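Shared between the two complexes below is chain A, which has chain B as its partner in the first and chain C in the second.
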Partner chain A sequence: MVKFNLRKDVAFAIVFFVGVLTAVEYFVALPDLRRIVADLQSWGTIIAAFSLGVGTINLIVIHGRRVSSRTQGYYNNFVLLLALTVTILIGLWGTNMHPAYQFIYFNALVPSDTAVWSLLAFYIASAAIRTMKARTKEGVILLITGILVLIKNTPAMGVIWGGFTIIGEWLLSVPNVAATRGIMIASAIGIIALGLRVLLRQERTSLGG
Partner chain B sequence: MSMLSRFQKMNPKVLYLLVLVVVGLPLIRPINLPIGVSRYTELFHSQVESLKPGDVVLVSLCFASAKAPEFYPQMVAALQHLIMKKASMVFVCWLPEVTPFTGRLFTDLSFDKRGLKYGTDYVDFGLIAGTATAMAAFARDVHKTAPADVRGTLVGDLPLMAKVKMATDFHLLMSFISIYTEDFIGQVQTPYKLPLVTGTDGVSFAGTLPYLASGQIRGILNSMVGTAEYEKLLKMPGKGTSYMDAQQLSHVLIITLIVLGNIALASTRALERSRRTKE
Partner chain C sequence: MIPLVPGRSSAMIILISAAFLIGAMLFLSRIRKMTPKVRKVAGLTAIEESIGRCTEMGRPIHYAVGRSSLTGPSAAETIAGLSLLGHVAKLSAQYGVRLIFTNQLPEVQPLAEDIVKQGFLAAGKPEIYNSQNVRFLSSFAMAYTSGAIGVMYREKIAANFMLGGWYAESLTLAETGFNLGAIQVAGTTQVAQLPFFATVCDYVLIGEELLAAAAYVSEDKVQLGSMVGQDFVKVVAILLIALGAILRTLGVDALYNLFRL
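So, the complex of A and B:
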């Protein structure tokens, strides 16, 4: 006999009900169904907003535990908790338009994020030079197209010869679009298949295994 | 060891130093390399140009703060154009980390000094959590999904929002997006068949092009190049133009080193081949 699991079975029933209604509403224009799905979508945004709070609590619990047990590098966890608390307090007190909030955001978070991201320039330069070698036929194709697209994104080179821009744009608009479309269609079919598996309860990991 | 084989075994630190010099020097002392205007930027520009005074534009933000150097100058250039066209703007963020950018834009573009009135000419809803679900809900019923703006003002008390109830009330969608592009197109643009122009980062640009070919996107600003081109069209040089020298020179450096690397590889192989033939 199949045992009833309150947590998983109820969760699946909700997923099935919401999923089927939302999918059907996309294709069938019934005013009542439209109203119900509109309500469900509004609830979705409210639940998503709550999940931000749950995520924050989770963060506090995990890092708080590490600070209290003094695990290796606990001071990093402490800095995170301190920054989190200060930012939340300022945000609650004066919204994210408050000068102090804006100061923290634009002078601490954005510069550190962009600094890490900008390091890619060095690694990409190094990787391009090391990997873009004409060792095989495919390598030659990659080398030529890579250089042409780089030139296309260097407008000063287009001044030397306008053909660089035309070839670069053709590479982006024809072979690139064809390949990207293929990937998009394949991944869309994959998403539909995954959605069906979730709705038919074949994908058990979506409800915690 | 020959020059060429030494080049092939170049210490990466030398390369990093070269990149640093090539990127850093033009930022300190710009050399104003020429900039053209691509088809993608022209299309973006013509969509904004076709707006009439009072038309409402949804300005949607969805990118990681690490991408700010690419997106912020884009937003500045595009919003300057929207202000010139006297368009009304509704701002929405789909990720929590981008919400402070709207406030920064209002300050940097001196919305108040230009006579733009909050609530009448522009409204900021801040974050609407839930990405694809939130986009679908917002497009379907703006007032229900965003009952109050970022300042806590009820949507009914905002004069601009009296004429915006759902997605079809927007005359143009303008999206600055590096992730969830397909969600925004799938949930907002395609169901309501609205004109969409988008600013992307360099990494996402190639993946956005199929939507331009299909007509779902009407114009694209491609990263820093797109910004510089847009500034050129507006005749208002800004950060995009000043950053382009660094970007162009770094591209030239990479191209030169790739070409030299391949010459070195070919010569080394030729030398080895001739040595083997002699043996």
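So, the complex of A and C:
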């Protein structure tokens, strides 16, 4: 006799019900169905928001233990916990429109975020230099293609010879788009297969084993 | 008569046909009428080698699933990444290697904790599971990135698995792994990030390879059957693309208009 597992069986039943209903709603124009799916999606967002609490607890436990055991660099963990506490308290006390909250957001978070974003330019340069080596046939093709697209994006080269722009644009809009669409179509088919495996309960790991 | 959303009829027919074909192959595998043979995917066979290398070096594994929300349209790649996490967790427990999972999606945190725990349990070593190795860093992409870079450097990882939905942070993390000399296996369906992974990582799972990865590593014949179905659908798609290209070149718009219904 098949044993009923409350936690897993109920979870899979919900996944199946919501999954099928959402897929049907995408194709069928029934206002009632649309309203039900919109409600289900809102519930999903609310549940996801609750999990932010789980993430915050995880942060507090990990960094709190490091501070209490004085591991190397524990002061960094302390700064994180302090910043987390202060931001949460200000947010709870005066909402995220409070001047103090806005000050933290625009003077600490935004500049730090932008600084890490800007690092990407250097990482792209170092990765490009490593890639642009003509060791194999494919490497030579990549090198020539890369240089042509680079030239296409340099305004001065377009003035020297208009053909650079035409070649660069052709490379981007024909072979590049063809390969990209191939990957996208195959991925879409893969998503259908994965969805089916999840809905038919063949693929179980993603819901906790 | 059920009213259909205009412009989605052809998509519905394609979805139903593809699901039917894949489902049929799955069913045939289940009743043992078909034994699927699947080619080796280098990126997936490299996972176990990478974990073995971590054992020899006594250094941990870093695993991350990226930024595609479970409530968004790209959830499939996160689900695929989480499925592989279970496999990696089981292997790391068998080999006795520390697995560090860093996360930027709050909704993934409880799932990831459970999956890693189940992986250790499946390997018969639940006692070595440490919840502190499943770390939520931040839900801000770049805050997560800087946090993950720090973790990778401090822990001196020897293998880096980036399998899921990756965006701007992909290259920064992959370059960090490269600088640390870690074996890197990455996979995503985000076409803009694939060139970065191809440049920096040792193995790349391109698009559908990532989505089929869990079925592949499970070695479950029923799941592998769905991959055969997937291939049939791909053959049909290739034929339709070729036919569409020929017809459009000849000035016949019938197939083109059919897909716009």
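The definition used in the following text is that the second predicted complex is superposed on the first by the 164 of 209 C-alpha atoms of A that agree within 3 Å, B and C clash if a C-alpha of one lies under 4 Å from a C-alpha of the other, contacts with A are read in each partner's own complex, and residues count from 1 in each chain.
Going forward, contacts are C-beta pairs under 8 Å (C-beta built on N, C-alpha and C of every residue); 3 or more make two chains touch, one makes a residue touch a chain.
Nothing here was measured: the structure is a model prediction, and the numbers come from that model.
By the document's definition of touching, both partners, chain B and chain C, reach A:Thr180. Of the two partner chains, chain C is the only one touched by A:Ile62; chain B is not.
When the shared chain is aligned, chain B and chain C each come close enough to touch A:Asp113.
Of the two partner chains placed by the overlay, neither chain B nor chain C lies in contact with A:Trp93. In the overlay built on the shared chain, the residue A:Ala134 is in contact with chain B alone; chain C does not reach it. When the two complexes are overlaid on their common chain A, residue A:Val54 makes contact with chain C while staying clear of chain B. Contacts of A:Phe103 after superposition: neither chain B nor chain C is touched. Legend: residue contacts after superposition of the two complexes on their common chain; A:Gly195 is shown touching chain C, with no touch to chain B.
In the superposed model, A:Gln41 lies in contact with both chain B and chain C.
In the superposition on chain A, the residues of chain A contacted by chain B and by chain C overlap at 41, 44-45, 47-49, 51-52, 109, 113, 116-117, 126, 128, 130, 180, 184. Residue ranges of chain A in contact with chain C, taken from their complex: 23, 26-30, 41, 44-45, 47-49, 51-52, 54-56, 58-59, 61-62, 65, 109, 112-113, 116-117, 119-120, 123-124, 126-128, 130-131, 180, 183-187, 189-198, 200, 202-203, 205-209.
Residue ranges of chain A in contact with chain B, taken from their complex: 38, 41-42, 44-45, 47-49, 51-52, 95-97, 101-102, 105-106, 109-110, 113-114, 116-118, 121-122, 125-126, 128-130, 132-135, 143, 146-147, 150-151, 153-159, 165, 169, 172-173, 176-177, 180-181, 184. Contacts from chain C toward chain A in the complex involve residues 2-5, 8-9, 11-12, 15, 18-19, 22-23, 26, 69-71, 76, 79-80, 82-83, 85-87, 103, 106-111, 114-115, 118-119, 121-122, 131-132, 134-137, 139-140, 142-143, 145-146, 168, 171-172, 175, 189, 191, 194, 196, 199-200, 206-208, 210-212, 214-215, 220, 222-223, 226-227, 229-230, 233-234, 237, 241. Those residues of chain B that touch chain A in the complex are listed here as 12, 15-16, 19-20, 23, 33-36, 38-39, 64-69, 96-97, 99-100, 103-104, 126-131, 133-134, 136-137, 140-141, 144-145, 150-151, 182, 202, 206-207, 209-210, 213, 222, 225, 228-229, 244, 247-248, 250-255, 257-259, 261-262, 265-266.
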